[in-house]
Structure formats: C-alpha cells, structure tokens
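Structures follow.
Same chain, two partners: chain A is paired with chain B first, then with chain C.
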Partner chain A sequence: MTLLLQTLILGLLAGGVYALMSSGFTLVFGVMKVINLAHGAMIVVAAFLTWWLWDRTGIDPLLIGVCLSPVMAGIGWLLYKTVIARVQRVDWELTLVASFGVAVAAGGVMALIWGAEGHAATPSYVTASFELGSLVVPEAQLYACVGAVVLLAALYALLRGTFLGRAIRASSANRDSAALVGITVERTMAAMFAIGAATTGFAGAALSVLYQFVPDSHYVWIGRILCVVILGGLGSFLGAGLGAGILGVSEALTSSYVDARWATAVPYVLIIVILLVRPQGLLGGRVRADGVAA
Partner chain B sequence: MKAARGAVLGGMVLLVALVPLFTPDTYIHNLLILTFVVAVTASGWNIMGGLTGYVSLGHGAFIGVGGYTAGILAQRWDVSPFLVAPLGGVAAALVALLLGLATRKTRGAAFVIVSYAMLELLGQVTRNWSGVTGGSQGFLMPLPSWDIRFQNWPFYYALFALVLLSIGMTVAIRRSKLGLGLMAIRDDEDKAAGIGVRTPVYKSIAFMASAVLVGVAGAVYGYYVSTLSVGTMFDVVLSMQVVLAALVGGRGTVWGPILGAFLVVSLSELTNTTLGGADAGAIRLILFGGLLLAVVLLLPKGILPAASNLLERWRRGSAASPTGARLEDTPLPPAPARAGTTTGPSTGSTAGSTTGSTTADLLRVTDLTMRFGGVTALDTVTLAVPRGSITALIGPNGSGKTTLFNAVDGTYPVTSGSVALAGRPITRLGRVQRAHAGVGRSYQLPRLFDSLTVVENVAAATGEFRLTNLVLGAVSGAEAARATELLEFVGMGAYRQARAGDLSYGQRKLVELAQLLMLDPDVILLDEPAAGINPTLRRRLTALIRALNDSGRTFVIIEHDMHFVLSLADHAVVLARGAVLADGKPGDVSTDPAVLEAYLGEDLAVGADK
Partner chain C sequence: MSRVARPRTTSHRTRRVLGAAVAVALLASGCGLSGSSDAEDSPNDPIVIGMSLPLSGPAADRAKPGMEGYQYWADEVNANGGLLGRTVELKVLDDGFDQQTAISDYNRLISQDKVDLLLGTFSSDLNLAVAPVAERHKYLYIQPSGGADEIFARDFNYLFFAQPATTQRLPNQFVKVIEEMPSASRPKTVALVQQDDPNTTQAAEIFADRLGALGVTTVYDQTYAPDTSNFDTIANAIKQADPDVVISGAVTGDGVSLVRSLQKVGFSPEMFYQENAPTSPTYAQAIGEANTEGIFTPLAYSTETDFAGNKDFVAGYAKKYGGPPDEDAANSYTAGQVLAAAVEAVGKLDQAAMAAWLHENTVATIVGPLSWDAAGRPQGELLLAQYQSGTLKVVAPETGANADILHPKPNWQ
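Right after this comes the complex of A and B.
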C-alpha cells in the first residue's frame, strides 16, 4: 500500500512537469494544427542553458528557468517566422517534416557546444525530501511540479482573460473570420507560437534538475509530449493535464512493479493503444463535419 | 523521347551493375551498398508516403525488423541469412500491416506520430529483450562462407536486385487499379470510400508492399554489417535520410527516391571523409537537419517533378488548354444505360435491387436521430424515397439536410434509427459497403481527386470490389470505355486528360456527377447541384437529371433554388430544425402554411439566401 501511494505521488509529480512541457505543444497544435516536433529540442536547449547558467553563477536553476521564458519565446518567434509560417503556406503536412529537421539540426548544435556527455543541474535540495510518515516527497520534484502548475494556471488565465487570448482562440476557431473582424492573424499566430515556446523555459529548467540529459534527449522528450497530447486529445489544454498525469503514473507504476527498463517504452505503447482505441483522445470530442473537404 | 529516356536509364542501371567488375575498391562497393539500402527504403517509403499520402518518420524500423528476424532465424536454424532474408521481409510486412490497422481511424499528423512511436518502441523492445536479440551488446551474424575472392559481391548484387525489384514494384503499382485507388486515397480518403474504393484493403496492401522489400534489404544489410545493434538497425537518422531522399528526388515518382538515395548517401559520405574528429557526428546532424528543412522550404515537390514541369512548359509552349473554356449549349447525348442492364454479367448491387425488391420505396429512413454533443442535428426523421422518383429535400440552412445525406451514406454512424435501401437495412454498413449497396452522393462543394486526370477520377469509382481486379491497368478495358461514355454524356468528354485540380467549379460538378454514375448507384444523392452555376449549365443539368431519371435512376436533391428543384421533382420533403415539416407533392408542399412560415415565407421576406 505504501509502495502504491509512493508510486502515485512520484507519478503525479512527474505528471505536473509533463503537463507544462506539453502545454506549449498542444496550444500550437490547437490553434495552428501544426505538429511542432522541434518542441522537445527547445526544452532540451532550455535545459542546457539552465545548466550552463547555474554552473557559472550558482543561481537556483528553477529560478533561471523562469527568467529563460522570454529567451525561449524569442527563439520560438524566430522559428515561427523563418520556418513554420513559410512551410505552412507551401504544404501544411510538411511542417512536421520541417520541424523534425529543425529538431535534428538543433541536436547537432547542442552536441557541438556542450558535448554528448550527460548533464544535470544539482542544486543543494536535489537529494533532499520531505517525509510524511513512511512516504517520501522529493523536494526538487515538488518545487518543479508546483512551479509548473502555477505557470499552467497563468497560461490558462492568459488565454481566457486577455484580448490576445481571445484573438488566439478566435484565430483557432476560424482563421479567415478572425481576419475579417480585425484580428491580425499573422501577428497573433507569431505571438501564440512565442507563448508556446516560452513554456519551455521553466520546463527545460525542471528537466535539468530532475533528469540527466544529453543532446539526443529531445527524441525521448518529444515522444513523451506526443504521448501526453494524444492521450488527452490533440489541441485540448485540459486534456494535456489529464494525459500528463496518466503518463506520469503509468511510468512510475511500470518502474515500481514491472521493470525500470520498460518504463521508457510506456509512452510509445500508450500512443499506439490510444490511437487504436480512441483516436480523438480522452477529452477530444466528435465534431460535426459538413461533408466538405477541409 | 521516351526511347532516349529508356536508353539513358538502362545504361545507368548497367553501369551500376558492372561496378564490382571494374573496380575491386571495397570503399566504392560499401558506398553503393549503403546507397542501395537507402534506395530500397526510400522507394518503399514512397509507396506509403508518396502514393498513398501517409508520411512515415519510422520507415527505418523495417530495416531493423528484417535484419533481426533474419539474424535470429539464421542462428536458430543454422542456415545462411540469405536463405531466411525473405522471412525478414515477411516480418516487416506484418509489422506494416499492424501499422496499417492504426490508420483505420487516424490520418495525417496522428499517423506520423504512430510511425515514430513504432520505431522507438521496436528499438526499446529490441534493447530490453536481450535474451533473444543480444540487447545493447548487439547480435552477431554468422561470417560469410563464400570465397574471399568474391569480396562483397553477394551483398552488392542482392541489394542491387532489391533496388530493381523496388523500381519494378513501384511502376507496377502506379499503373494498376491499386495505384489509382491509392492516389485517390492520398487526395481525399473519405471521398474515395464514398465512391466504393475499399480503402482499408488498399492501404493494407500498400503498407505491406512498402515494407516487404525493405525488410529483405534489412536482412541483407544486417548480414553485411555483421553486428546488429539497436543504434544501426532502428536508426532515427536513417529514417530521416530516407524521407529526405524521397522528398529531394520527388514524392510519388518512380525514380525520385532512387535519385535522392544517391544524393543523400554521397553527401553523407562526403561529410564523413572531409570531417573528422569528435564533432563529425554533430555536424552531420546539423547538415542533414538543415538540408531536410531547406528541401521542404525551397523544393517541396522534389527534383524530378520540378524538372519535368519545366520541360513540359518548354515543350508545350503556350498552346491553349481546354480547361476553362466556355461550356457550349450542345444537344444532349442519350443517357447511358445502367451497367447491370447492358453489359455482361450484372453486378451484385443492381441485380439485387432490380429483382429482389418488392417495396415501392427505394430508400427508407426510419426514426433517424443524429446528435453531436448537445446539438440534435436530426430528430427522429422518417421519410421514404419512392423508386424512380426525383425527391427534393428542402429546408432552411442548418435544418439538417446535409447531415441526413451524411447519415444515409455512412459518413458517420447515426445515434439511433435506421436506413434501408430497397428493403435491406444498411445502417450498420460502412461507407464503402453502402457505396457498393447502391448509395451515391455528391457534395455541395464538389470533391475530386485533384492530382488525377478527369478520366482517372471517373474510373476510380467502382461499384464492387474484387482483389484480382487490383492488378489490372488503372484505366483500361470496359471501365475506360464506360468512363469515356459517361464523360461524353455530362459534356466533359473534351476534358478527359485535364487535371481535375485545373477545372472550374461548374466543370467539377459535372465530373463528380459522371463519377457517381460510374458507381452506378440505385439512389443518387445530389447536394445543391445548381448552387453557383450559370443558367446554361443549369439548363443542361436539368436535362441531364431528367434523362437519367427517365432511364430508371432515383434522385434525392438538396437545393435552395426552389424554381429549379420544384420543377424537377415529383416528391418533396421539407426539413426544419432537424425534423420533417412536410412531405408530399411539390405543389402541395410549397403552399403548405407551415412550410411557408418556416422556410419559404421567411426566404421571401429576407430575400434569396443564395
């Protein structure tokens, strides 16, 4: 029983971080229908930047992560302007291939700068934990999860409460109509892409504290992110939260009860199962189509 | 021109075949062997990604499946890996079949994700299942047993043969009915199902074809590299190079992936020899990632299609194309007889409906309800379409007319209620089965396969499914003649070879009608056939529908142009808010006070909405 509770706690804590990692991805998909395979690479870039700054200055890595948000937003904006917006005009489906190319190249750049060996930021609290009776709550996991949830709440408030949020949702519902009522769709899209990228700042910092990472780690992380968003329903914000929790708990359960080696296979198994059984995801709804090709 | 092209290609193939005889340099052999592996894989990818439109980022997985299967079996049975290489192909084809199952419900982006997940998952399984696969230690293949004088020749020629086979297979598929169906699926999968293309079978065959030779090549390649490891056999970068090769050369073309393979491997080798040291791997990643990006941005169609476009333009000059010409008000040819009544053995669908029915109503919809979340689009709709009638389905926008069509043709499953055609319930049937049972429908905005020619569009429609038909020529025999006849009938005969994507809106409507007639349905559902077309075309359409109706075809027509539809129809049904408001003779319905209030009156007060 203790083991089960302990497993659930660890799984849910990991899930909080997964949710933040996936939020930017699912936001971009929901609005632009673009699968940005470079999202995982952006998270790993943020992790490297965090590690590097922490190594130089000794400032708390999670704090660095918050400060990195505007930097990552800038990178996202640049990616949108130079690649995504252009490819989308040519062939919508090829945005996937293009962003994959960006991810692979980014992996090379990271390896060139930081080398291929494993890195991890290790502030003092990384080994500390709170104890609740016989249960253990690792401090680093808890801080990362709380930070992620706070940022997610802020993002949600931004989308719901501001004009930019309404413009983003309007553009997502109908691009042409949004343009007709005076929304500068192109600028809104760029802003939205930048916001999605901004979430990778703290997400990368959390990654650098909680896990070891190498340049190639972005393949693993994009795999997890894809799993989360497919579980929840592509483009669904709340679905991403649900999917993240399920993935975190499934991985923790597999580690505790099956074999830690198989935990890395969990996201891929979940992706395949959910696409076979309920392809629209857990929270994705059936929508009315007018029998007209999109 | 064609002969010259054949001679050049033949010469190049011969040249590559003779390389081992001219030079003993193993470096060159190795380079070409790698090229062959990428060429076979890219060619396979092309069948899935180029012809069928399912882009895969995990095609390298089939190399791993083939390599490990052959390696493990060769060890178990103590035979040469060459002997069991075909089984590696079979294993790859089976994995591809499973992958194909995932496409029953997923398309586009989701499929790319599944293919990537498959690659990673198979890599993980291979790594963890160390008892069988050697895990991260790697798996040792037996040493070659042939005379050292033959060097790498067996590997070289085996893979070379696989390249030729891949090319042959691609050519054969492109020319066949299978290929026509696949390209239809690529352009518009739902529409393909709607005109009777049994999409799951087509896709399953395509997926297996796309993997089988890659699996065999993987087995030979594994034997060649002698130690199988997850890193080389389930390589993400190799998968990416394959996509790159196919995109560079030209998606959907026969020779594009081959050309692309030569370019990609040469470039890869160039970076290997010019770059040394610890950073070489990183620089290669940057180079290939960047190249993939550059190709997508600058040359999205690939080298061969871009070159042939250029050549075409140069050769044809400014000769006027028939597309976009004014439609002449020519006299109407006689309506083609229904396929079942004239040609040879009658098809199942028509035979069943003309002889086995006792009811006067051809199509019967009973208590049909359709809900989307909280919206009830159709609320216990009951209506009957008499055999041989032209039934008008009218009602305000949003009253559920198109939804009713979608429910009848099987676009989505109904919430409750039933649909029966000629007394036979079809509610549980899928889209394709309904098309074969005799339901044909057009769309408000005509849906054609834009990359295919007009005659291919019509010939793609099929009222039955036979596995053996798939190998026949794409547009051949009786079907080709019938497609031409139908196109002549709707007045589009001159446009047979035009690309559907080049046609105007009105022309597309006519081609879609011909496509429907090819299916030879019992009941033809037309969704706003007269919307947005000029009076000449509208007159022609009226005459066409009359002539077809006289030859025994039943119509249901959604239309907002009351004059057009009520003059044509002999039976009318009015829908409002998802329910039947009135049902009867057109004259009675149009004067019904309830209808006037809900629809016609409002229409007149606001002004025509079309």
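Right after this comes the complex of A and C.
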C-alpha cells in the first residue's frame, strides 16, 4: 500500500513538472498553431543558464529561473522574428522543420559552450523531502508543481482577461479581420511567442534542479511535451495539466509494477493511443467548423 | 462559406502536421545525429587512424575525455617521431551513441575513407555492434571500453580489449569484500538496478549469482532504458525493498540521477556500489561532495599506480587539459599504446600480423601489462575503489590498495 501511494505521489509530482515544461508549448501551439520543436531546446538553454549562474553566484536556482523569464522571452522574440515569422509567411507547416533545425543547432552550440557532461544545480533542498508518515514528498518537485499551477493560471488569465490576450486570440482566429479592427498582427504574434518562450525560464530552472541534463536532453523533453499536449488536447491549459498528470502517473506505475524498461516508452504509446481513439485530446474541443460540418 | 471552410482545412492540416511532429520526435529520441571532424583523408602519409565516438548523445560525457585520451596519445606519438617514421592523424566521426550510425561510420571509414588503422569506440552497446564490422573487413580493432562478455563470446580474431579485465571479472573484488566480512555483519539482502546495456546487465547477473551463493538474497532487480531521466519511482521501490546493499549498473549520468533520487526518498543503504558514473569528473558536484563518502566503484585505471609511463601520462595530460585524466581518457590512451606496440613490433601495417602478434605477446601499458586470450579478453584484474574524503581510494585487491574499507557507508548529508 505504501508503495502504491508513494508511486502515485511521485507520479503526480512528475506530472506537475511535465505540465510546467508543456505550458508555453501548448500556448504557442494552441493559439498560433506553431509546433515549436525548439521549445525543449529552450528549456535546456534555460537549465544551462540557471546552472551556470547558480554555480558562480550561489543564488537560488528557482529564483534565477524567475529572473531568466524575460531573457528567454527575448530569445523567443528573436527566434520568432528571425526564423518562425519568415518561414511562416512561406508555408506555416515549415515552422516544424525550421524549429527542429533550431533545436539541433542549439544542442550543438550548448555542447560547444558548456561541454557534453551532465550538469545539475544542487541547492540544499534538492534532495530534501517533506515526510507524511512513511510517505515522502520531495521538496523541489513540489515547488516545481506549484510553479506549474501558477504559470498555467497566469497564462490563462492573460489570454482571457487582457487586451493582449484578446488581440492574440483575434489574430489567431482571423489575421485579416484582426488587422482590420486595428490589431498589429505581426507584433501580437511576436509577443505571444515571446510569452511562450518566457515560460521556459522557470521550466529550465526546474529541470536543472530536478534532473541531470546534457545538451541533447531536449530530444527526451520535446517527446514528453508533445505527449502531454496531444493527450490533454491542443491548446487546452487544463488539458495540459491533465495530460501531464496522466503521463507522470502512467510512467511511475509502469516503472514500479510492470518493468522499468518500459517507462520511457509510455509517452509514445499514449500518443499513438490517443491519436487513434480521440485525436482532439482528452479536453481538446473540436474546432467549431468540425461541428458545423458534422 | 469560406469562413467555415478555412478553419476546417486548418484543423485537418494541424493533425497532419501533428503526425509529422510525432514522427520527428520519435526519430529524434531514437537516434543521434552524426557529424564528422575536419580531419583530412590522405592514403599515403601520414598514417590515418579512424574511429567513431559517441561525441553527442547520452554518452557524450564519457566520449569527450575518451577523445582527449586518443588525441593526447597521437600528439605524443607524433612528438616522438610518429609510427614507423610516419606521423599519425586521427579521423573522428560522431555516432551520437546510436548503434546503426556507429556501424555505418566504421563501414565508411574502412570502405570509403580507406583509413590505415582503426581504434575502438565507447560502451559495450556500441562495441557489440561495431566489432563484427572490423572483423569482417579483417581490421585490427582495439576497444577502450565495453567489457560485456557478449562481445568476446564470438571468438573474433582481430578484437582486443584495452582494459585489465572484461565484465566477467568485474564483480570479483566487491564480492570478495563481502565474502571476507564476518558473517554477523555481512549484508543479507541486495538490490540490483542497472541500465539496459550488455555490460551492466551481465555484471548484475554475475552479482546475483555470486552473492546468492554467499547467502545474500536479491530483493529487487530492475533494468531501465538508457533514456530514463526520472529515477524517483525506482528509488522508491528500492526503499520499499529495504536492501542492505545497492548495486547500481550505471553507464553515465543515470548514476547521478539514481543517487539523487535515493536521497530524495530518504534511503541510504549500508553499502552502495556503482559502476562507471563515480569516475565522471562532475560526479561529486552533482550528488554533493559529502554524499560521495563510502561509495564503491570498479576501476580499470588509477592515476596513482606505478605502471610504466603512468606518471608521465598523468602529468602531461593534466598540463594539456587542465585536470588529471579520468578512466575513459586513460583507456583510450591505453588502446593507443596497444596499437602502437603492435605496429612497431610488426614493422608494417599488416592487420593480420599485428593481431597475431598481440595474441602472442604482452604489452606494457599505463593500466599494467596486458595480454589476451584467443578471443581478445585481457587476463588481468580490475581494481575496487571507494570514495573517502572526496577522493577515490583503491581498497582492493590488497596489492594495489592504498586505503582501508570504510563500512558502513555514512547516511546522505
């Protein structure tokens, strides 16, 4: 019983971390329809920056992560202006290839700067846990989960409650009409992409604290992020949370009760199953046009 | 009408693109990306030595010092007049820790680039795949790492291992330590947790058998995939099994992740033995220096032994790369030493003659004198080391030991 409860707790906490990693991706995908395969690489860049600054200054890595958000937003804005926007004008499907290219290049550049060795930020609480009887709740994971909830709520509020949010949704629904009512579509999209990138600041800091990472870690993470987003429903924040929870718990149960060897296959199995059974994801709404057609 | 049609198209395209994204992610997670160095291929002079290393991907942290060890060896050979009077040039490809890429890289080095000599790659996983390529083309293949017996069980003629022993003998010293403990304080239970790699899984089987014979029961035995990043649930299951000894068959960064997860779930065994990871230069920082205390690891090499050339190698390497050589750097250098000895002894680049010479002779290296059986298995013993006060001390065998064993391992700090 202890094993089961502890496995569920650890699975849910891992899910919280996955939700954190996926939040910016689901935002950019859900609203802009851009599959940014460089999202994982940006998380790893932020993880390296966090580790590097922590190593030199000793400042709390998660705090560094918060401060890195504007930096990552800047990098995101630059990426959008120099690559994504230009490619998107030709054919928006090309953004997939372009962002994958950026991810591969970023992996190489990171290896040149920081080397291929594994790194991890290790503040005092990294291995500490809260104890509930015989159960433990790892502190760092809990902080990352709280961060994920705050971040997802903030993004939801931004999209629903601010003019920028409405402008973003309008631009995404119909560029021409949005421009007609006075929205600068290009600038709005760049802002959206930058906000998505800003989330990688804290996500990267969490990665640097929770796991050891190398420049190529982004391949593993983008796989999980795609799984979370597809599972939960494209562009749905609640869905991202749910998908992340399901992935975390499924991996944990597989590792504890089936075979640890199969745990890393869980994301891909889930992607295939959900695409076959419910392609719009668990909470993904069907596009209104689909409803009309049906 | 068009307003209805447009989003519908987008939705369909979205799914199509999504499918492509999934395919790309699957591909990306399954295979590394290869690239090549700028080494020039020239058939006459200098002697070109080809190799493909996992310079990117999950084993990149092992390959970097490995590459430096090879480079240091080549530079030293060239500074001393080269091999057979010709300078040595390395042609290095990157296999991204992917078996198929490694196979095609070595095929390319042999068939297309027509390199003069080969040197081996890292890990049992890659060497298992590459050794048959060299054998088929009748190229001498000296591998610096990868001691799984599966590799040598095929009785290849051109294959040689540049460490003192294969995985078959890896558990010897640690099992002996447990065997020699008084029966009252001898551990009763063991947990085995290892990466899915021919070397670590074979070692785990041997440990289970030999410790079982000593009355130590295996209470947990799990193998995990190489790209596992979350070890919390594994650590939790180990905690629930509550073993006296944990034997971790790590390959690289997975070792650090497991230790950190054991710390998180609050489980510290009496004895902790881990393969490969503890010799990584970033290990102590990643798990916290105080937490290294008492951790055992097998060593193929130590900077402190007096074998011929070792002190010069340690000093020269530290001068060139700013720190002492780790095991991987030393193993590459050793592979180079073995290759050079065969070339110089035969006096020409005759692969069959060099292989025959190595089967008959002993080569003095920085890991001690090496000789091989008919399948290329070295006939020496590995060392057992333990972290004490932040450094790895050799604790067994007695002849090479420079410290007593610390038991039990202190709790995590």
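Note that the second predicted complex is superposed on the first by the 286 of 294 C-alpha atoms of A that agree within 3 Å, B and C clash if a C-alpha of one lies under 4 Å from a C-alpha of the other, contacts with A are read in each partner's own complex, and residues count from 1 in each chain.
By our rule, contacts are C-beta pairs under 8 Å (C-beta built on N, C-alpha and C of every residue); 3 or more make two chains touch, one makes a residue touch a chain.
Here the structure is a predicted model, which is why all the values come from computation and not from measurement.
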{"item": "Joint occupancy of chain A by chain B and chain C, clash or fit", "value": "clash"}
{"item": "Touched partner set for A:214, first chain B, second chain C, both or neither", "value": "second"}
{"item": "First (chain B), second (chain C), both or neither touched by A:122", "value": "second"}
{"item": "First (chain B), second (chain C), both or neither touched by A:132", "value": "neither"}
{"item": "Which of chain B and chain C A:86 touches, first, second, both or neither", "value": "first"}
{"item": "Which of chain B and chain C A:276 touches, first, second, both or neither", "value": "first"}
{"item": "First, second, both or neither for A:234, with chain B first and chain C second", "value": "both"}
{"item": "Partner chain(s) touched by A:265 [first = chain B, second = chain C, both, neither]", "value": "both"}
{"item": "Contacts of A:104 with chain B and chain C, given as first, second, both or neither", "value": "both"}
{"item": "First (chain B), second (chain C), both or neither touched by A:7", "value": "second"}
{"item": "Footprint overlap on chain A, where chain B in one structure and chain C in the other make contact", "value": "33, 35, 93, 96, 100, 104, 107-108, 111, 115-116, 215, 219, 223, 226, 230, 234, 259, 261-262, 264-265, 268, 271, 275, 279, 287-290, 292-293"}
{"item": "Interface residues, chain A side, partner chain B - complex", "value": "29, 33, 35, 83, 86-87, 90-91, 93-94, 96-98, 100-109, 111-112, 115-116, 215, 219, 223, 226-227, 230, 234, 259, 261-262, 264-265, 267-269, 271-272, 275-276, 279, 285-293"}
{"item": "Interfacial residue positions of chain A with respect to chain C in the complex", "value": "2-3, 6-7, 10-11, 13-14, 33, 35, 37, 93, 96, 100, 104, 107-108, 111, 115-120, 122, 126-129, 131, 136, 138, 140-141, 174, 211-212, 214-217, 219-220, 222-223, 226, 230, 234, 251-252, 255-256, 259-265, 268, 271, 275, 279, 287-290, 292-293"}
{"item": "Contact footprint of chain A on chain C as seen in their complex", "value": "3-8, 10-11, 13-15, 17-22, 24-26, 28-29, 32-33, 55-58, 60-61, 63-64, 193, 196, 222-225, 227-230, 232-234, 236-237, 240, 252-253, 256-257, 260, 263-266, 280-282, 285-288, 412"}
{"item": "Contacting residues of chain B [partner chain A, same complex]", "value": "55, 57, 101-102, 105-106, 108-110, 112-114, 116-118, 120-121, 124-125, 128, 188, 190-191, 236-237, 240, 243, 247, 278-279, 281-293, 296-297, 300, 372-373, 375, 377, 402-403, 405-406, 411-412, 443-445, 447, 527"}
